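Every chain is named by a letter (A, B and C) in the order it is written, and numbering of its residues begins at 1.
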Amino acid sequence: MRLFKRNPDPMGPLDYSRRFWLRATVAVTLFFLYAPIIGLIVFSFNNSRRNIVWRGFTTDYYVKLFNNESLMLAFGNSLTIAVFCTIFSTILGALTAYVLWRFRFRGKAIYEGAMALPIVIPEICMGVAMMVFFARIGWPTGLPWPFNLSAITIAHIAFSFPFAAIVIRARLESFNPELAECARDLGASEFQVFRDVVVPHMKPGLIAGALLAFTLSLDDFVITFFTSGPETVTFPVKIYSMVRFSVTPEVNAASTVLILVTLVVTAFALRMQNRNNMLSNAA
Amino acid sequence: MADQTLSDTPIIQIKNVSKIFGGNVKAVDNVDLEVRRGEFFALLGPSGCGKTTLLRMLAGFEVPTHGSIIVDGQEMSNVPPNKRPINMVFQSYAVFPHMSVEQNVAYGLKMDRRPAKEIKERVAEALDLVKLGHLGKRMPDEMSGGQRQRVALARALVKRPKVLLLDEPLSALDAKLREAMQLELVRLQKTVGITFVIVTHDQSEALSMANRIAVMNTGTVQQVAPPTTLYEMPKNRFVADFIGKINMIEGEATDAGNGEVRVKTGSLGEITLKGTATGKVALAVRPEKIFVDEKQPTDPSLIYVKGKVGEVAYFGSYSNVFFDIGTGTPLQADISNVSSDIEEFTFKTGEEYWVYWRKADTLVLGD
Amino acid sequence: MDNWKTSARAFWAAFAPPTFWLVAFFIIPLSLIWLYSFSSKTGIIDTTLDWNLNQYARALEPLYLGIFWKSIWMAAATTFISLVVAFPVAIAIVFAKPNVRMWLLLLIILPFWTNLLIRTYALIAVLRTNGFINNGLEWLVVHADWLLSFVGLGDNTLIGPFSPLHLLYNNTAVVFGLVYVHLPFMVLPLYAALDRLDRSYLEASLDLGAGHFRTFFSVVVPLALPGIASGVIITFIPAMGSYLTPDLLGGTDSQMIANVIGNQFKGANNWPFGAALSFLLMYATFFALAIRAFLMRKDGRGTK
């Protein structure tokens, strides 16, 4: 790889990125950004209960993690919620994107502003609002799994579909309206045009939006914290309570697993986004 | 433009300068140049020939890979652009959009830490020089392209640099403005007496404005000469072809002694001419030096050949006529309209004439 | 773009579901909170909507105003530090070669994609009394002492004994954590703003005699200001409304406004008061967004 070939050209006056101090600043910043996380991952293999000093390599705590019933249950809950959230958010996001892209209507600007609200308001405000809402309307508690996760899922969908809408809308901007007109001309109904022409074009955006919704849901803490109960614990919430208790390698192991899942999903999403961009440049 | 008395001591010396990018892309290849004090000098060439890179090395924005640049006796290799006695007018003018015209022009003087009173006077003087005196408080986005260029000129000139660099100054202007600016720049240069170095790809610009022109191609300097010399005595095919229009007839040349060569061509036979190039050469003659006659010429100092009229373009004061002379490439002739007798001056496709020109006007060009 | 009436059925089919969800599960809950903010607590769990402003009045009392102020202050400090750190990084990225640029951006963004809880938790191991920083400093001090006593000075106690720095469970830790979490948020808009700047302005400034710092403050900053403002605001707002970071890294004295709001709903059970505080936080957020919109209107000056 030609990554480390020394640059033979003499340095020009605006070659800032070759100046020592700037390079040093970037290196130090990257070090500070990654060192804590790497430390966390490394110490998840630490053979020590109190996890302060390195005492040897072990994967015991990962074993403990996977045997920890409540933690596994919490992980299962998180995944379930994330899956449902993804499905609904993608659909709702796609519909929103379609409406905003295609139609003019009175009050559209206000509607767009309202759609942006879940993105801009502080999470705590939304979290407590959902908590109050479900309490006041007497949302049933004590339902069997998976229905007991419904409150959390609803809240997740509410705050993630606007994000998905943005991603999908960006993809729609590159759609050539003549394709739809042509389909109509050939006899397709509105629905058929949507299904056969628009949706296929949206696909990279749909996938990117879905992955975004998935990560947002899986990682969420604040909103979940206020809408969950003792029977409906999610993975981040469970980790939170473990962290409050003590710092053990088990928590590190759980964190590492979550990091891995997020990274894999994100890498996939980025690849999809690249295809999104390349395809939109081509189409 | 050659009637200025120029000092002989060079103000810029470019010695063996090369610029190599990424280890193998030679933008500038071993260039040796001198620019004289008070001169209007042009770097001319097609895009990618290295002229802009050379200019930027003069300004200090690129650092030469080899060689040295000396300005007024001072070696420039370790001198950053903000400390050089050189100022530049950028192709996009780069007039700061968040400052007014006056603030733009004053910027360089502020960097020199001149006293406020002096700055005010010099800014007013510079704006008058470029005829923008009344627009000092305007913001750049309220001005036309031509006006912004004059702001950039004033901004650079107010610092009284030893050399002013101009990067394609006329390329962004429309045709009429371009003509006006050509005269304006020459007038300006004579008024302030500073050495100007301009970069351009337009040969008519260079010809009309510069005292001397360096023609460049693929990183090397092909020829440095005043405009008339470049036009009448180009050194090689590239320069001949790049400057103005020219006809080239292929042939083989052998040395004939006495500064002459014998050239064998297809349709013109064997001709002995003044020249030095041997081997594969081109006989070259400019279109305006070609004449026509219905009768065959007999003067031995002329080269003549029978030609059949092909395409004709009528321009009123002259006609651009293409003759088929049997060499494969038509011969272009610019025939002046010296008679108001329409019959005498119209050329019709298929007509045959004797086409001739002086041997003295013929060039023998190698590569 | 069609007028909705041209395909009314398609319009309603697409419009209805998301709007229903938004209204039912977002607008209505928020409206509920809004109503609560005008209510009073009339029992352990009962509240009455009597349209009074008492909750807001209480929210503006010195105690709570102080916490608001502290949150703003800490968010401001976070934003400032992030700006100072992010700028050189953004400059280095903008002027790097294109393929290097992509990798650097990716590296800066990646931590952002990991869970906030985990990132904050990772800092605990770094900042605590027995954490990386303190252990590292201790190592340095011990070895320095040893070196000095080796050359005959001190007897192993010249610099030590090392008393660990209290880096955790205080305001410093919270700001440190907030910067750690929000730094990528600041680098991206700065990078975008600098990337769009036409380089000939920088060259012109240098050509006219300005040094690099002068060029930076006189030319780069004014022209990139809208982008800078954008980055500042989108760092400030989340920092101000931050819940997890002050909760995990802060001491009893480092509570920010989001923690206080949370307490009203989880612990103190004073929903009306919590509602008032929530809305004050939201108004502050909208105000900051308005400022951003105002500053962004000059965006695009000086672009390529």
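Everything below uses one rule, namely that a contact is a pair of C-beta atoms (placed from the backbone, for glycine too) under 8 Å apart; a residue touches a chain by one contact, two chains touch by 3 or more.
As the structure is a prediction and not an experimental result, all values here were calculated from the model.
Contacts with subunit A and subunit C are shared by B. The interface with the greater number of C-beta contacts, when A-B is set against B-C, is B-C. Ranked by separation of Cα centres from subunit A, the top chain is B.
Chain centres here are Cα means. That of subunit A falls 18 Å from that of subunit C. With centres set at the average Cα position, the gap from subunit A to subunit B is 60 Å. Subunit B and subunit C, compared by their mean Cα positions, are separated by 58 Å.
For subunit A, residues that reach two or more other chains under the stated contact definition are 13-14.
Within subunit C, contacts with two or more other chains are made by residues 203, 206. Shared contact sites, meaning residues of subunit B that touch two or more other chains, fall at 60-61, 80-81. In the complex of the two chains, the subunit C residues touching subunit A come out as 1-4, 7, 9-11, 14-15, 17-19, 21-22, 25-30, 32-33, 36, 85, 88-89, 91-97, 100, 104, 107-108, 110-111, 113-119, 121-126, 128, 130, 132, 180, 183, 199, 202-203, 206, 237-238, 240-241, 243-244, 248, 258, 261-262, 264-266, 271, 274-275, 278-279, 281-282, 285, 289.
Note for the complex: subunit C touches subunit B at residues 198, 200-201, 203-211, 214, 218-219, 222-223, 301-302. Subunit B meets subunit A in the complex at residues 20-23, 60-65, 80-81.
Interface residues of subunit A, counted against subunit C in their complex, comprise 13-17, 21-23, 25-26, 29-30, 32-37, 39-40, 43, 51-52, 91-93, 95-96, 98-99, 101-105, 111, 114-115, 117-118, 120-133, 136, 154-155, 157-159, 161, 165, 190-191, 194, 215, 219, 221-222, 226, 236, 239-240, 243, 247, 251, 255, 258-259, 262-263, 266.
Taken together, the subunit B residues at the contact with subunit C in this complex read 59-61, 80-83, 86-88, 90-92, 94, 96-98, 107-108, 111-112, 141, 152, 155-156, 159.
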